[in-house]
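Chain lettering (A, B and C) follows the sequence in which the chains are written, and residue indices restart at 1 in each chain.
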Amino acid sequence: MKYVDEFRDRDKAATLRREIAALVQEIRPARPIQVMEVCGGHTHAIFRYGIQDMLPEEVEFVHGPGCPVCVLPMGRIDDCIAIARRPEVILATFGDAMRVPGSHGSLLQAKADGADIRMVYSPSDALALARTHPDRSVVFFGLGFETTMPSTALTVLEAERDAIGNFSVFCNHITIVPTIRAILDSPDLRIDGFLGPGHVSMVIGTEPYDFVARQYRKPLVVSGFEPLDVLQSLWMVLRQIADGRAEVENQYARVVTTGGNAAAQRAIAAVYELREFFEWRGLGSIDLSGVRFRDAYADFDAERRYAVPALRVADPLSCQCGEVLTGLLRPHECRMFGTSCTPATPVGALMVSSEGACAAQYRYAVRAA
Amino acid sequence: MCLGIPARIVRIDDAERMLATAEVGGVRRQVNIICIVDDAHPVESCVGDWVLLHVGFAMNRIDEAEAAATLRVLSELGEMQAELDAMGGEGEIRR
Amino acid sequence: MNIVTLSHGGGGKAMKDLIDQVFVTAFDNALLAPLHDQARIPLALLAQLGDRLAITTDSFVVDPLEFPGGDIGTLAVCGTINDLAVGGAIPLYLACAVIIEEGLPIDLLHRMAGSMAATAHAAGVQIVTGDTKVVPRGACDKLFVTTTGIGVIRAGVDLAAYHARPGDAVLVNGVLGDHGAAILAARGDLSLDAPIVSDCAALHGLVDVLLAAAPATRFLRDATRGGVATVLNEIAIAADCGIEIEESAVPLREAVQGFCEILGLDPLYLPNEGRLVAIVPQAQTERALAAMRAHPLGAGACRIGGVTERRRGQVVMHTVFGGQRIVDMLVGDQLPRIC
């Protein structure tokens, strides 16, 4: 497939491995170089293609917070289930969210228990459900970073234009930039550079990351999602470290431009406003890291349409997701990894979705022979 | 939450609503193209374009020249390595 | 409207008529014809063919009932034949039980019975006994079919997962994932239009030529639910060996690859209904492949990997990119993802 197969090329990967090994020799790090891939899509690619094992021991990926399913707090899942249980409601959701545990089970369990929950591929499909079920109330479980925000917003704008009154969104969209800043501000920070989220950047452009280089003096390379993209971006980060530079670079120029996508940004600006704070599983509350609907779209806001418990449910005490997210622990160093916390019975955020660092490590990582 | 894949627009289904059919490896799906339409790229001109598809929305056009440039960097690196190897042990001086 | 009602399940004339007109007419054979409560099969005939009786049973539920490349009828016949065939058994007879939700169009039932009959006939297998139940609306999803199969295992054939040995080759008979992708696409809720047809097929003919060419074959398994990944894990555990496969050798149709990219699915876990995994000693691998490739259901046969001494109990894939990763058992169902 075009733009896919050529970015999975094994020979070019071998070239990059040699360059990376040479750079590490040049840098001569006193401790392993830690590069955080912010986006869960990168985490998935790293494990899916076995990239970590292709690298010298002196280079480690730290798997960042960019899996919006993983970081959704239990209280929000509980609220979503409360909405889904209403007899008039059809809840439409991406498949990813089905297994995320709330404090009393997941959407998958709520469905088995009788709630009308449908998996959709697109918010457009949720709106189509509303059109074909005028007697029911269709609620779309809107989640994701800036990548997914425009599609939800454009769907709401379409619902407004077509006056579809039985459609609303339970909005859990979050924004990545304040979270990167929160990680950079953490006192024990050891991260030496970042792979920037390619598809978020396709929407917002590369400028919003400038502070990472300017203010915090860390290299950031916006990266595509094929394995060659990830390896090349890592090489670019290491090149910067070797040169003593800290810049925002764009490896994914075939998709990402400096300014991002104007139409998508207009849709975001029209529909959403920032929340004062939003709660992240594993990271706690982060200021200005979530969005909600503007008052003009209150009719499409499921949170205003339905009373939800809105309880804050604390992360389990023994959970060490926060330390893994900031690179202080590797997934298997968590005290619950693989014992009380597994993909079948996830306790922490990172074991929840296949993009979560712990789930990916558990599922894919080649353990000692 | 970022699964996006390259797809090609093969047909405009509804110009007013900006709906088109996109194809990935022979699999087709109706997608929204509002984010890739502007004055320089009217609706009808999108047919044949490669786009990045995410949850049923064409989010950006894929720039063929940039894709080629990215790969070219790697090809050139490979050639440089091969030349160094051909020069014998000298290529290993760096490491 | 001509639909099945609860009276068709009441044991009276309506039921007898339904069974006669739909099933007995379609399945038409001498063992079924007397309509005893059981089919009566001469032992002498069975004894001529081998030295062990094989029996297997499987229930079939599929949504939608009809899909590109088959329907629940073809599935119910092929699936049970395949469960016999991969044990090295010659499939001979099927029993068929159907549970019908009231309201099912009788036309549809005719079509399903017709495709069961045609599939069985083509496979040289007879449907010799059966049962019909009708349940109230909501008590089942349109139509459930259970088939039980009887076959005879040829003397000397002993296929088992624990026979796999380091050095053996891992073979498949063609492109993977067609059935799973065809079903997901046919459901329509993902609004994907995919030119993918189910691989549903009866594999006993292919198994015959494979075992004739490679009599030392260790093990065969049809890669249904959980796909090839699950079968390989079962073998690795049963034989206490490792299994290593090459991603670049895993055969996939481009449309299935595209389908999986869009939905974030892993084709190794997609179910197949006409694909098997064969573990064959290295020395007989080429003969096994040649024999399969000469058969219509094995044209795409290839080697995807091998059994190893190291990494016991694990399946490892060498990726196209040059890395490697574990191919684990799935925790639950594979769900489409956008992450």
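Keep this in mind: a contact is a pair of C-beta atoms (placed from the backbone, for glycine too) under 8 Å apart; a residue touches a chain by one contact, two chains touch by 3 or more.
In this text, all values refer to a predicted model and were calculated from it rather than measured experimentally.
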Chain centroid nearest the full-protein CA centroid: A
Per Cα centroids, the chain farthest from chain B: C
Inter-centroid spacing, chain C versus chain A (mean Cα positions, whole Å): 38
Chain centre separation (chain B, chain C; CA means) in Å: 38
Whole-Å gap between the CA centroids of chain A and chain B: 22
Residue numbers of chain B (touch at least two other chains): 1-3, 5, 24-25, 29, 54-55
In chain C, residues with contacts to at least two other chains: 190-192, 254, 257-258, 261-262, 337-339
Sequence positions of chain A contacting 2 or more other chains: 1, 4, 40-41, 67-69, 94, 96, 121-122, 125, 144, 148, 228
Sites on chain A touched by chain C in the complex: 1, 4, 8-10, 13-14, 17, 40-41, 44, 47-54, 67-69, 94-96, 98-99, 108, 118-122, 125, 144, 148, 227-228, 343-344, 353-355, 363-367, 369
Chain A - residues contacting chain B, complex: 1-4, 6-7, 11-12, 15-16, 18-19, 21-22, 25-26, 39-41, 66-69, 94, 96, 121-125, 143-145, 147-148, 150-151, 154, 158, 197-200, 202-203, 225, 228, 232, 251, 253-257, 261-264, 267
Contact footprint of chain A on chain B as seen in their complex: 1-6, 8, 17, 24-25, 29, 32, 34-38, 50, 52, 54-57, 59-60, 62-64, 66-67, 69-71, 73-75, 77-78, 81, 94-95
Residues of chain C touching chain B in the complex: 185, 190-196, 254-255, 257-259, 261-262, 264, 337-339
Chain C to chain A touching residues, read off their complex: 189-192, 254, 257-258, 261-263, 310-311, 314, 316, 319-326, 328, 331-332, 335-339
